[in-house]
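The following blocks contain the structures, represented as C-alpha cells.
Both of the next two complexes hold chain A, though its partner changes from chain B to chain C.
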Partner chain A sequence: MREVCIIGAGIHRFGRFEKTVEEMGREAAVMALKSAGVEWKQIEAAFVSNARFPVAVGHITLTPLGRTGISIIDTRAACASGVTAMQQGYMAIASGMAELVLVLGMEKMPRGFLNPEGTYAPWMVAQGFSQNSLYWALRARRHMELYGTTSAQLGKISVKNHRNGSLNPYAMYQKAMTLEEVLNSPMVNDPLTLFMICSPNEGAGAVVLASRKEARKYTSKPVILGASVHRIALFPIVISPTYRYTTKVEPIPVTTLAATAAYEKTGIGPADLDVIECQDSDAFSEIEAYEELGLCKEGDGGKLIESGDTEINGKVAVNPSGGLISKGEPLGASHLAQVVEIYWQLKGEAGPRQVKAARVGLAHVKGAGGNTGVSILKV
Partner chain B sequence: MREVCIIGAGIHRFGRFEKTVEEMGREAAVMALKSAGVEWKQIEAAFVSNARFPVAVGHITLTPLGRTGISIIDTRAACASGVTAMQQGYMAIASGMAELVLVLGMEKMPRGFLNPEGTYAPWMVAQGFSQNSLYWALRARRHMELYGTTSAQLGKISVKNHRNGSLNPYAMYQKAMTLEEVLNSPMVNDPLTLFMICSPNEGAGAVVLASRKEARKYTSKPVILGASVHRIALFPIVISPTYRYTTKVEPIPVTTLAATAAYEKTGIGPADLDVIECQDSDAFSEIEAYEELGLCKEGDGGKLIESGDTEINGKVAVNPSGGLISKGEPLGASHLAQVVEIYWQLKGEAGPRQVKAARVGLAHVKGAGGNTGVSILKV
Partner chain C sequence: MAGVKIALNESLFATSLEPLEKVRLKGSKCNICGVAFLGKLVACENCQSMNITEYQLPRYGKLYSYTVVRQKPPGGYRGPTDPFEPFPVGQVEMEDGVLFLSRLAHVKFEDLKIGMDLEMVVEPLYVDEKGNEVMMFAFQPRGQGR
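Here is the complex of A and B:
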C-alpha cells in the first residue's frame, strides 16, 4: 500500500454566514490548494462530504474552479460524513489511482436542536426524545450512576474546550468561560446544560492528499495520513440509549472498533498520541471518547478531564481547536476541520493553541446510524 | 497497485415488483455472496449505489445480513451511480485496505418519463424540453443531419437489443421485435419512437471483489477488474443538447474521457474488446457510444449497427444482455447489472446469449450532470 500524505489544508470558519454552502466549500478548497502550492487543474479526483445537500453539490462547488473532467463524488454518513470522504481520498492515493486528490467537507445546518423525522420510533417521539436526550444525556446519566462521573467533570470539558476555542480564529464561539457559567447555563437535558452542547452551524474544511513521491515536490516535511477508517456500530444504537453501560449488548463500542482498525493499520497506540480532535457533540461524548479511544479505562473519563492531562499542555491535548463545543458542528465539514487542526498542530502552525512537539494525532467523529470514523496523522 | 478480481455476481431482475429497494438489493447481494462462496461476515467493506434513496439505505439493506461493523457507504451520481460504487470497491482492494468487498447497486424508479425539477432552465421547460428530447433526440437529429444516420439504423439498435433481451431471464422485456414494430411504435421525440427508449424501472446487481491472493481461495479462474473509472463532462451538457455535433465546444466527449483513462490503465484498446454493455438509454445513445468508445470514427455509428458487427456473434457484441432498452434502467443498479453481465460472459455462463470466446469486456454508463464511467473486465 502506498503511503498517503497531506500537503495542504484549508478551512472556512464555523458559524453562521450569508453564503451558500458552495461558496464556503470553494473557499476552503482554494485555501487548501494554495497552502499546498497545487493548482486545481492538477487535482485528479475530489471527494466531497456533506449531509444535507442534493447530489451534485460537489460538482457545483468545484467546477467553477475549472471543468477538468475528474471524478467528483459526494459522500455522506451523518455526523461522520467527513470520514467517508477522507477514506475515499486515502484509498485513491494508496491504490495508485491518483497522485493528488482533494477532500472537502462542507455544510449548512438548520438552527436549533435536531429531531429528524423518521429517526426515532413513534413511542420515543411521544416520550419527548430528542437527539440530545436520546444519544447523550441518558448515556451521561447512566455513566454518572455507574462510575461517579460528576456534573463538574462534564462542565470542565466545556471549560477546556471553550478556552481552547478562544484561541481559534475559525471557531464559532471564541470566548473562555468559567465552570460556574457552564453549570449555570440553561439545563437542556439533565445533566447537560446549554454550554455543554455543540451548536449546529455552517462551515467547511479541505485537505490536499498526495502520494509520498508527489508530496516531495511540494514539501520536505509532509504530514502522513496513516489511516482513515469508517465503521458502523455493531449494535443499532438508536434502540437503547443506555445500552453501553447497562446491557453490555454491544460487544465493542463503534469508536473502539474504528480506532482499533486505525491503530492496527498504523502501529500507533493511544499512548503514542500527542493530540486528538474528538466528537464532543456534548461534554459527555468527550469523556466517553477518552474511554473508547483507549486513553483510560471505562469509567475513568471523568477523572481524566480533572487531571488536566487533556489540556493543550497536558499529556495528550484533546480538542485544542475548541472542539465542536466551541466551533459548532456542521456535519459534513466537522471531520475535515478536525483533520485540518491536527495537520496544523503537526506542522507547528497552530498559533497560540499549539501543542508542543506534536508528532502523532487522531481525529474522531461519531454520529447517527452508528457511523463513526477515525483518521490518524503523523510526522 | 494490487490486482482486483471479481469472484461472484448477483442480480435482481429488472422490472416492476411489489418489493422494497432494500429487499431487491439484499437478494442481489446474497446471490453474489453465494456465487462467490463467501459469507457476509467475511466482507470488509460495502459500497452501495442508488440515486433516489435517503442516506443509510445501504446500511438498512445489508445490516439484516449481520451487524459486522464494516464501513457501508452509499454513493450516487445519477445514471452513473453504479460506477462510483465500483470505483470505490476497486480502490478498496487495489489499495490493500480490504481483501473482500461487496459492491451493490439498487433502485426503484418512478413510472414515466423523468423531467426532474431544477434540472433545466425555465426557458427550456417552457419550450417543452424533457429528459428525452433534451439529451437524446436533438443529438440524434443532429447526427442524422451531419452524418446521414437513419431512423432504420436507430431502429436496428432496438431490434438487436430486444432480440438479445429475449434471451435474458433478468430483462424487463423478453420479447424480440421487428424493425417495423420499432419504427411504428408511438413517436416520443422525433426521431425516437417508444421502443427505442428505455423504461425507468426497478432492480439490483451486485459483485464481490477480492484481491488476487484472496480470489485464489475461491476460484482458479477469477475475472480481473482492470479499471473502474468515474469522470465528469468537460462541458456542462445540459446547456446545449446539440453541442457535440454543432459547436465542438466540448474538447473530448466524457465517454471518451472515461474510456481513455480505463484503456490507459489496462493497456486494453477498443479493438481488444469482445463484449460491451453500454448506456443505451435510447437507440441513438448506443450509436454515439460506438463512436465515443472508439469502436468506429465519429459519424460511422449508424453503419456499424448495419454491419452486424455488434451482434452477439459479431466482432464485438454490444449489449448482449439486451441493454437498457430491453432491461429498463434503474439508475443505481444499471452499471452493476452491466458488470454482472460482462462477468458472466467472461466466465462463459451467459447461456443462450453467450458471446463466443469472450475474454475482454467493457461496461459503460452515462448520465445527468455529465457523470460517466467505464469498467473494464478481463480473464
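Here is the complex of A and C:
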C-alpha cells in the first residue's frame, strides 16, 4: 500500500445560510483545490459524504466545476458519514488507483432534534425514544454513578469548547460561555443541558489527497494521512436507535475498536497525540472519548477535563476548533471539518487557536447505530 | 364503536393483553453464547447464532440508568403534547443480564435511583383513530400496588 498525503484543505463555515448544500460544498471544494494548487481537471475521483439527501448529490455539486468524466461517489453513515468518504479516498490513493482525489463532506439540515423517521422503529418514535441525546444521557448518568463524574465536569467541556470556538471564524457559535450559563441553560435530557449539546446545522469541508510522489510536486511539507478507519459497533452499544442491551457481555467501545485499528496501522499511540478533534455531540461524549481513545483510563475522563490537559495549551489539545458544541454538527461535513482543522494545526496555520509544535493529530466521529471512525494525520 | 386494547409493538409481548396483570414480555435467549434479549430476534446480536429460544421474561427488574425527556420529542410522538409532559425513561436490567429501554411510570423524577427495584405495568399510551387503546409496557417502583 502507498503512503497517502493531504495537500490542500477547504471549509465552508458551519451555521445556517441562505444557500443550497451544493453551493456550500462547491465553495469548500474550490478552497481545497486552490490551497493545494491543483485544478479540478486533475482530480481522478471524488468521494462526497452527506447523510440527509435522498439522491446522489455529490455529482450535482461537483460537475458544475467541469464534466471531467471521473467517478463521483456519495457515501453516508449518519454522524460518521465523513470518515467513510475519507476511507474511500485513502483507499483510492493507497491502492494506486489514483494520484489525486478530492474528499468532500457537506450537509444542510433543519434546527432541533433530528427527524427520527427511518432511523427509529415507529413504536420507539411513538413513545418518544427518538432523541439522540437521550442515549448520551443514559450513558452519562451511569458514568456519574460508577465513577463520580459530575455535572460541573460536563459543563467544563462546554466551557472549554466554547472558549476555543470563540477563536474559530468557521464556528457557528463564536462566544465564550461561563460554567453557570452552561449549567443553567434549559435541561434537555438530565444531566445534559442545552448548552452541552451540539446543534444540527449546515456547512462543508474538503481535502485533496495525493500519493507521496504526486504530493512532492505541490509541497515540500505534505501532511500524511496515516489512516482513515470506519467501524460499526459490536453488541452491546447504548446509542440511538438501539433499545436492547445486555449486562452479560463486557462491551468493547466502538471508538476503541476504530482507534485501535488506526493506531496499529500507523504505529501511533494515544501518548503520541498532540491534537484531537473528537465527537462532542454532547459534553459527556467528549469525556467518554478521552477514555475510549486511551488518553486516560476508564472512569477518569471527568478528572482529565478538570486537569486542564485537554486545553489548547495542555498536554493534548482536544477540540481546539471549538468542537461540534461550538461549530454545530452538519452530519456529512463534520469529520471533514475535523480533518481540515488537524491539517491546519499540523501546518501551523490555525491562527489564535494554534496548538504549539503539533505533529500528530487524530479526528474522531461517532453516531447512530454505532457508526464510528478515526483518521490519524502526522507531519 | 367500542375500541379494543392493542399492543404498540406485539413482537415485544409473550402473552395476550388480557388479563393485564398476566401480561409478560417476550425474551429470546441464545443457546450458543447464552446472552438473553428483549423481544424477537433474527439472530443473536452477540454471536450471530440463529439457535435461539423464546421465553417469558419476569415482571421484575432493576434500574440500570435513567434520564428525563424534558423537551417534546420529534416526529410522531403519541404521548401528551398539549401541553407536553416531561417523562422519565430508563434502562431496566432483569435476570440473565437482559437490559432494555423502557418508560418509567408513577415515580417522581427526584426519586429515580440507579439500582432501585422495578416492576412492569401495561398501560395505554394513546387512543388511535379507530378508538383502540394502544398499550405499552412501562416500569414503576416495585411494590407500589397499582
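Rule of thumb we're sticking to: the second predicted complex is superposed on the first by the 351 of 379 C-alpha atoms of A that agree within 3 Å, B and C clash if a C-alpha of one lies under 4 Å from a C-alpha of the other, contacts with A are read in each partner's own complex, and residues count from 1 in each chain.
Convention: a residue touches a chain if its C-beta (ideal position, glycine included) is under 8 Å from a C-beta of that chain, and two chains touch if they have at least 3 such contacts.
Keep in mind the model is a prediction, meaning the values are calculated, not measured.
Enquirer: Tell me the contact category for A:94 with respect to chain B and chain C: first, second, both or neither.
Expert: The first partner, chain B, only.
Enquirer: On the A-aligned overlay, A:56 touches which partner chain: chain B = first, chain C = second, or both, or neither?
Expert: After superposing on A, A:56 lies in contact with chain B but is clear of chain C.
Enquirer: Output check: A:257 vs chain B and chain C. Expected answer is one of first, second, both, neither. What do you get?
Expert: first
Enquirer: Would you sort A:235 into first (chain B), second (chain C), both or neither based on which partner it touches?
Expert: Both partners, chain B and chain C.
Enquirer: Contacts for A:187 in the overlay, against chain B (first) and chain C (second): which applies, first, second, both or neither?
Expert: second
Enquirer: Name the contact category of A:351: first (chain B only), second (chain C only), both, or neither.
Expert: Neither partner.
Enquirer: Can A:71 be said to touch chain B (first), chain C (second), both, or neither?
Expert: Touch partner of A:71: chain B, not chain C.
Enquirer: Across the two complexes, what residues of chain A are contacted by chain B and by chain C?
Expert: 235-236
Enquirer: Looking at the complex, which residues from chain A come into contact with chain C?
Expert: 112-117, 120-123, 125-131, 134, 137-139, 141-142, 145, 186-192, 235-236, 238, 242-249
Enquirer: Which residues of chain B touch chain A in the complex?
Expert: Residues 1-2, 51, 55-56, 59, 63, 67-78, 84, 87-88, 90-92, 94-97, 229-236, 252, 254, 257, 369-370 of chain B touch chain A in their complex.
Enquirer: Using the touch rule from the top, collect the residues of chain C that touch chain A in their complex.
Expert: 8-9, 12, 34-39, 45-46, 64-71, 73-79, 87, 89-91, 93, 96-101, 103, 109, 114, 125-126, 134, 136
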